[in-house]
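Structures for review follow.
What follows is a pair of complexes built around chain A, which joins chain B in one and chain C in the other.
And now, the complex of A and B:
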């Protein structure tokens, strides 16, 4: 989903920067509130950042015969809320822009928007809907992480189609970019969903009380938390 | 480890092996660069280039491995720490 350095002309890169930085600023505020209220949540924050670091470094093969990478930001959104996931995503994107020439400084705003805002918001909403529908926790986590990942790439496709419409218009370009990005991403997104289940199951078992105390997530804690009492 | 987790591991491994069975001769280039090419073919010239690029693909893979290992160390530390804390009780 990285839009390469220099591939968003004026005024697009500024527009995405303004939108993203506003939300990242709110995320920093949320972050400082959570860590002040619950200092014991700091290692969990590091863990969520680490999950994003690992997943966004893994370039995986897909059935389309090309490679791409998952994002990891959906799980952070479910546990800490989408705004904090935005901050963590931007850190990973900045690392890749500076050290790997992957993505870029001028496209950081746009890439933060897709991976750090749309993906996490989608993941969070899916999670809420799954909880309301009383689906099993694993199903909720899986769908949230998978669809958050997928929609990150759908967003990138739309961002590029806005700037580079074909002769047939925005929608035609959107389908063309989407065919490369989103189709490749489907198996990877499923893989991310599975990894998210693993980490979440561990957290629910060992950190159930902390998850509940953050108050973003409402777990069907009964069984888990009893197990997780320290 | 529950049966659920074992099934999930098998599914995940299969997900990333299947591509090589379906299309063994594909190039497996990055989707990012495929899109980059598509845009460049329309005649677009990027107006800014990365301020620093890894000098070779070896260095690039080094830095990708570094990124993944930083994350993996933190995850491993966290999981081990919590399990150890629980086991002590």
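And now, the complex of A and C:
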């Protein structure tokens, strides 16, 4: 969903910057608190950032001045919470702009908003609801990652439609952009959901204690038990 | 992994180009000011001037190989051309420009849609050239030092450095595992390719995290306290080049203001 450098005209890129940076600033505050308390979380945090970078660089072109790819920020939101996920996504997006010229510096605000804020917030809310409803962990992770990914694209469609309205108005343009994205994005989102299940399973087994210590989530009891047995 | 290769090539260019040793502050100032001006301009004229200037600077002064620069530009240009063509055809409102009449349907193309498409195309090209200028002439290390001078929160710079390192670990590990799989007849048929890819993706995460944790332990053993210090001995900006950039920006502002009503 990286909107290309320069694709958003004058008032819009500033607006998205202002909105995103406020939330990212809160994320930086959360991040500094977590890392001060648990410096050993840093490798995992950086790994999630690199994971977001790699996943969202696996792109399929889409004809909307943008592209289609998995995001990876949903899983980060489930593990570290949406505020920290927004910081990690912003750093990943910055590197993609600087190292791959994928996305851009002026569109960084808009891209952070869709991939780093709306996606993670949706993923996190769905994860919390699934926990409350006592759904199995894998179902919760799958839904969170898949819907987080899809909502990222819904946001991008809205951002593009605000800039490029049609004769029938904003909503018509929004549907047009959404339809173009949907072709490539729905299979990708499902794939990302499945990948997220495996990765979370692995993390819960391998890093259960650290995840519990971060206390962003309450882990399933099985993970603690396995950790204890080892 | 093709993007890993691209990443490494861009990174190499940033360290070896002819402008690599000049002041990064100047380069960042030039790239960002030209970027902001060309994105803010409502007409395509400013982005065209910016595109020509940065391309000349890149090819003549930074001595970036022309074929590498054009290979970087081709892919986004094709995508943005298709995107803008679609915007020109399907979007816009108000005054109709022309009607496409085919036996089975008719389609109105709006003047504002075409203008939107054309402007967007040149805006993206101008902005892309600025982005490439920054990326191809300034190394990440220099950018980190500039960020530190700009008083970006320490934790953000630290995380960025770690993520930057991990990205390359990711790609290295992936390339190694891919070669190992190929040697053992992985990826040899369609079904095996899916299985190999799944194995690679799963193990990639484990291997990278393990390697990262070992690095972290090694850093802790050497007294890592959350600060990664780089030697801050960047060349100072030259006054002549700063004046030149300001002069260039003033011209751009003037062009923007004088064409604002024409377009």
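Things worth noting here:
Note that the second predicted complex is superposed on the first by the 211 of 230 C-alpha atoms of A that agree within 3 Å, B and C clash if a C-alpha of one lies under 4 Å from a C-alpha of the other, contacts with A are read in each partner's own complex, and residues count from 1 in each chain.
Here, a residue touches a chain if its C-beta (ideal position, glycine included) is under 8 Å from a C-beta of that chain, and two chains touch if they have at least 3 such contacts.
Keep in mind that this is a model prediction, so the values were computed, not measured.
Once both complexes are superposed on chain A, the partners chain B and chain C clash.
By the touch criterion defined above, A:181 reaches chain B but does not reach chain C. Legend: residue contacts after superposition of the two complexes on their common chain; A:39 is shown touching chain C, with no touch to chain B. When the two structures are aligned on the shared chain, A:2 is found in touch with chain B, with no touch to chain C.
Of the two partner chains placed around the shared chain by superposition, chain C is the only one that A:28 touches, whereas chain B remains out of contact.
Of the two partner chains placed around the shared chain by superposition, chain C is the only one that A:167 touches, whereas chain B remains out of contact. When the two complexes are overlaid on their common chain A, residue A:91 makes contact with chain C while staying clear of chain B. Residue contacts after overlaying the shared chain place A:47 against chain B and chain C alike.
In the superposition on chain A, A:191 contacts chain B only, with no contact to chain C.
After overlaying the two complexes on the shared chain, residue contacts for A:99 are found with chain B and with chain C alike. Looking at chain A, you'll find residues 4-7, 9, 43-44, 46-47, 49-51, 53-54, 57-58, 61, 63-67, 92, 95, 97-101, 104-106, 164, 176, 195, 198-199, 202, 206-207 touch chain B in one structure and chain C in the other.
Remark: chain A residues 1-2, 4-7, 9, 43-44, 46-47, 49-68, 92, 95-102, 104-106, 138, 160, 164, 176-177, 180-181, 184-185, 187, 190-191, 194-195, 197-199, 201-202, 206-207, 230 touch chain B in the complex. Listing the residues of chain B that touch chain A in their complex gives 4-5, 8-9, 11-12, 15-16, 18-20, 22-23, 26-32, 34-36, 38-39, 42, 44, 46-54, 60, 63-65, 67-68, 70-75, 78-79, 81-83, 85-86, 89. Those residues of chain C whose C-beta lies close enough to touch chain A in the complex are 3, 6-7, 10-11, 32, 35-36, 38-40, 42, 47, 72, 76, 79-80, 82-84, 86-87, 90-94, 108, 110, 116, 119-120, 123-128, 130-132, 134-135, 140, 143, 153, 155-156, 158-160, 162-167, 169-171, 201-202, 205-206, 208-209, 212-213, 215-216, 220, 226.
Contact residues of chain A toward chain C in the complex are 4-10, 13, 28, 31-32, 35, 39-40, 42-47, 49-51, 53-54, 57-58, 61, 63-67, 87-88, 91-92, 94-95, 97-101, 104-106, 164-167, 173, 176, 195, 198-199, 202, 206-207.
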